[in-house]
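In the two complexes below, subunit A is the common chain; its partner is subunit B in one and subunit C in the other.
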Partner chain A sequence: MINAVGRDIPEKVLKDLNMKPFAGTYARNGEEYTKAAPKVRAWMDPKESKMVESIADVVKKCNIKDGMTISFHHHFREGDYIVNMVMEEIHKLGVKDLTICASSLGKAHNPIVPMIEDGTITNIQSSGVRGQIGEAISTGKLKGYAIMRSHGGRVRAIESGDVHIDVAFIGAPTCDCYGNMRAVGGKSDCGVLSYAYVDAQYADKVVAITDTLVPYPNIPASISQVNVDYVVVVDEIGNPAKIATGAAKPTTDVRKIMMAEYCTQFVINTPYFKDGFSYQTGVGGASIASTISLGKIMKERGIKMGLGLGGIAGPMCELLEQGLIEKIVDTQDFDLKAIESISTNPNHIEITGSEYANPMNKGAYVNQLDFVILASLEVDTHFNCNVVVDSNGMVTGAQGGHPDTAAGAKCTIVIAPLLQGRTPAICTDVTTVTTPGETVDVVITDYGVAVNPARPDLLECAKAAKLPLKTIEELRDMAYAITGEPEPIKFGDRVVGVIEARDGTIIDVVRQIKDYEWD
Partner chain B sequence: MINNPNLNRLRRSMMFLNAQKPGLIKDPYIYKPDSIMLDLEDAVAENQKDAARYSLYHALKEIDYHGVERVVRINGLETAHWKEDIRVCVAGHCDSIRISKCESAADVIAVEEEMKKAEEEFGVPHGEILIMAALESTKGVLNALEICQASPLLFGIALSGGDYTKDLQTTISGTGVEFAWARGQMINAARCAGKQCFDTVFTNLDDMEGFRRETEMIKMMGFDGKSIVNPRQIAVCHEVFTPTEKQIIQAEKIVKEVDEKKAMGIGVFTVDGKMIDIAFYPGAKRTIELAKAAGVYEGDL
Partner chain C sequence: MDVIKSSVAGTLESSDAQVTVEPGSGALELNIESSVINQFGRQIRATVMETLDRLDVKNAKVTIVDKGALSCTLKARVEGAVFRASGYTEDDICAGKKLPWGGAIR
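Up next, the complex of A and B:
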């Protein structure tokens, strides 16, 4: 069936997963539904302890069986030890057909690939995957489907009952004996536990794993004792050096600075750039550079940001310290500066993944965004973006908050160099649609700026900013004139992955990679 | 007489790029330098000269540089490479050839002779490819005037500070004192011969203030532009060399008033309280031309 972004979603996939094709970003607006609820085991006896000796013991206590769904969070990023430690113990039990429902998975989790190959893990639900797990999915080693969800979409799926988590394993930088978890103060600070909150609320069993047991009560807690069944102490939950990096030096790459400058010039020429505006950006070189250059103009003009949202890095915290931002509302910390800021600055506040981006609660923070600055591997002439599948057809990225913020913000700006190495980033049709073009307003490249024709108001702003305006087709033509039109990637027939739109419909599918054959 | 519109084109920024680095030469025009200088000389190792020529030829043939002048820096006349370098420049049809370590009018003439041979070989009309000369020695700087006058193909001379200071037996101090005489001598010679004059590179990329000061100084001395080593330097360079809005308005007034008063038979008059006569006319005209070339003029002159 052809969906609203023109992608053919096979009937078999719709039937297998009991899902509907994407019908438009806001198609389910106003819909009423009843939230799911977990099974709770009452802890009435005060003499009972939640402390469990080891992960091996806790996986037995949780009674993990074939076909269950196990969840993890990704706040430790590439420094995470939790997934591998837990899966190793589960693997020893000989359990099969598990679904991993993670907020994201990375290269740190390469060790679970053999468990995909031997059928321990048969389904993966994640914001995205990198490294060998991506290869395992794309080469057809995963028996079931990989479902890629945005951060907001994952919360929606859990809260609405599309997925039910049997056991959630939550790594916590600090925890007390009764399960109050905080993201700061331990050996492996990660700043926030935003994406794990929904797991704690909706999983039948919740296990806290920490390397820093602290005296009771560990409050204010990101995740409260009332949702936690067991507490396990291990030597190390992660590698701090890979959880949070030191401050990245601002880029000196003129190409990125130039795109950042275009972005800033555009932003300040829109009517949304006024005192109290709200803003979110990523951590790529161009995004950081545009935050820095925007900060200078805010200072000059005495304009303050009311809300800085989402994943946070040092440059945003510096603006907060300079009094140029009223509140930072945080769901993930990318560097030590951000972690220090949320630990010490009362105007830097942790929120949950649902508050951040769930499209089907009673209104998420992303809906209040004026600007979001995003990156993309590919953008096509319909302004659709692909942030998950690479130019070899391999799953190798994550949706993150991309579709959520794009849908929420009044002005969605995507920064992408015209060419990603040898490959055009601006193309006729993206390999895989992860963010629908109807939510993307402006595309900034090193060769020029294109405004979505659906936003003539923003086109006027871009003209006022004296930006080098091009149509999206002109940008594509410039890219193709340099590289030639790339041959389409050769895929097999089997669908190995599903790109779930934030409302739970299917926006695109990912097919198994076909080995290259010489003609 | 050569009738090539490139002779007097705008050259505020002339950016060096290693001709062997695809990532550098594929699209430097997005940074909008006035000229790029594709380097076959110092940036390319001795055993890589062939490979660099190959890469250069295809770049010249296949990449649309969107109007940015394509200068090629060839190896010096003391090397075994310069003749083959000229052949590839002509075969690829670059816009200009930069002679390294030029020391005399004879060097320029030798290059021009080699160009003629190559032009015949590849069917390129004489006069389409221009010449500039880099002065890198005390002898070269002393001979600045004869070099400027050596060929109608030569559009200008550039100081090359690294080798020059070695020849002087000093180092680059950052104060400019070691270049004071060379710069003065060169701009005088260039202007005397009706040619352009370009300053040496500023290599400390982290000292943007120092770069700005040096660029402002050489602009004040009369230079037309500066050799640069990184796109980060373009914006400052252009800012310094592009007339300000105030300067443009002033120049516009002068040009208009002089034209008007001349028709009325008046020789001396005032504009905004300043005494103006015909002597101000060429300078004001030049400001307008510069503003037009830099794409910032919105008036009707």
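Up next, the complex of A and C:
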């Protein structure tokens, strides 16, 4: 069946997963539903301890069986030890057909690939995957489906009961003996535990794993004792150097600085750039450069940001310290500066993944965004973006908050260099749709700026900013003139993954890759 | 152009291609490996074949390890490797045996 972004979703996939094809970004607006609920085991006896000796013991206590769903969070990013430690013990139990429901998975988790190959793990639900897990999915080693969800979409899926988590394992930089978890004050701080909050609320069993047990009570807690069954202390929950890098250095790449300058000029020429505006940006070189150049103009004109949202990096915290931002509202920290800021600055506040981006609660923060600045592997002539599958067809990225913020913001700006090596970033059709073009307003490249024809108002702003305007087709033609027109990728027939739209429908599928055939 | 010895041109850096040319065994043998093979495999092959044809290389083993080079880069690397393999030396150039710029080399 052809969905609202023109992608053919096979009937078998719709049937297997009991899902519907994507019908438009706001198609489920106003729909009523009843939330799911976890099974809770009462802890009435005050003499009972939640402390468990080891991960090996706790996986037995949780009674993990074939077919269960196990969840993890990704705030430790590429420095995470939790997933591998826990899965190694679960693997020893010999259970099969597990579903991993993680807020994201990365290269740090390559060691679970043999568990995909031997059938311990048969389904993966994640924002995305990188490294060898991506290769395992794309080459058909995962027996079930990989479901890629946005950060908001994952919360929606859990709260609505599309997925039920049997056991959640939550790595916590600090924890007390009764399960109060915080993301600061330990050896492996990650700043916030935003994406793990929903796991704690909706999983039947919740296990806190920490390397820094602190005196009771560990408050204010990101995740409260009322949702936690067991506490395990291990030597190390992660590698601090890979959890948070030092301060991101401003880029010296002139291409990125030029795109950042286009972005800033555009932003300040829109009617949304006024005192109290709200803004989210990423951690790419161009995004950080545009945050810095925007800060200068805010200072000159005496305009303050009311809300800085999202994954947070140092440059945003510097604007907060300079009094140019009223509140930073945070779901993930990318560097040491951001972690330090949230632990010391009262105007830098942690929120849950649901508050951030869940499309089907009673209103998420993303809906209040004026601007979001995003990157993309590919953007096509329909303004659709792809951030999960590379141009060779391999799963190698994550949705993150891309579709959530794009759907929420009044003005969604995507910055992409026209070429990534020989691969054109602006193309006729993206390999896989993750963010629908109807939510993408402006595309900034090093060869010119294109405005979505659905936004003539923003076209006028771009003209006022004297930007080098091009149509999206012109940008594509410029790219193809340099690289040659790419051949369409030939996939195998089997669908190995689905890209779930934030409302739980299927926006695209990922097919098994096959070896290149010359003729 | 006769390939009389083995030669290499180019690097394995992103957006470059490493081209190896070796004496052939009576025919042209071409091997292509590329980070963008799914999108550009045929175009890479066409560019390489066209360049070899222009240089009149008929008997060689040519290996391309491409890291997303544009066609102009690929051509230059193939030309470089072939001329090195043909025994052209700096002394030849000093002696007035010029490389055919604007002719076979474009």
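Following the convention adopted for this analysis, the second predicted complex is superposed on the first by the 519 of 519 C-alpha atoms of A that agree within 3 Å, B and C clash if a C-alpha of one lies under 4 Å from a C-alpha of the other, contacts with A are read in each partner's own complex, and residues count from 1 in each chain.
Going forward, contacts are C-beta pairs under 8 Å (C-beta built on N, C-alpha and C of every residue); 3 or more make two chains touch, one makes a residue touch a chain.
Computed from a prediction, not measured in an experiment: that's the story for all the values here.
Student: In the superposed arrangement, which partner chain does A:Asp211 touch: subunit B (first), subunit C (second), both, or neither?
Tutor: After superposition on chain A, A:Asp211 lies in contact with neither partner.
Student: According to the stated criteria, A:Gly393 is in contact with first (subunit B), second (subunit C), both, or neither; which is it?
Tutor: second
Student: Could you let me know whether more residues of subunit A are touched by subunit B or by subunit C?
Tutor: C
Student: When the two structures are overlaid on chain A, which partner does A:Tyr516 contact: first (subunit B), second (subunit C), both, or neither?
Tutor: Touch partner of A:Tyr516: subunit C, not subunit B.
Student: Answer with first, second, both or neither: which of subunit B and subunit C does A:Lys490 touch in the superposed model?
Tutor: second
Student: First (subunit B), second (subunit C), both or neither: which does A:Asp229 touch?
Tutor: Neither: A:Asp229 stays clear of subunit B and subunit C.
Student: Can A:Arg422 be said to touch subunit B (first), subunit C (second), both, or neither?
Tutor: second
Student: Return first, second, both or neither, reflecting whether A:Asp404 touches subunit B, subunit C, both chains, or no partner chain.
Tutor: Touch partners of A:Asp404: none, neither subunit B nor subunit C.
Student: Thinking of the overlay built on chain A, is A:Thr252 touched by subunit B (first), by subunit C (second), by both, or by neither?
Tutor: After superposition on chain A, A:Thr252 lies in contact with subunit B alone.
Student: If we overlay the two complexes on their shared chain A, which of subunit B and subunit C does A:Asp370 touch? Say first, second, both or neither.
Tutor: In the superposed model, A:Asp370 contacts neither subunit B nor subunit C.
Student: Residue by residue on subunit A, keep only those touching subunit B in one complex and subunit C in the other, then list them.
Tutor: The answer is residues 482 of subunit A.
Student: Quick one: which bits of subunit A touch subunit C in the complex? Just the residue numbers, please.
Tutor: Listed in rising order, the residues of subunit A that touch subunit C are 391-393, 421-423, 482-484, 486-487, 489-490, 516, 518.
Student: In their complex, what parts of subunit B are in touch with subunit A?
Tutor: Of all residues in subunit B, those touching subunit A are 26-27, 30-31, 64, 205, 230-232, 234.
Student: Sort out for me which residues of subunit C touch subunit A in the complex.
Tutor: 14-15, 35-43, 45, 67-71
Student: Could you please specify the touching residues of subunit A with respect to subunit B in the complex?
Tutor: 252, 254-255, 257-258, 446-447, 481-482
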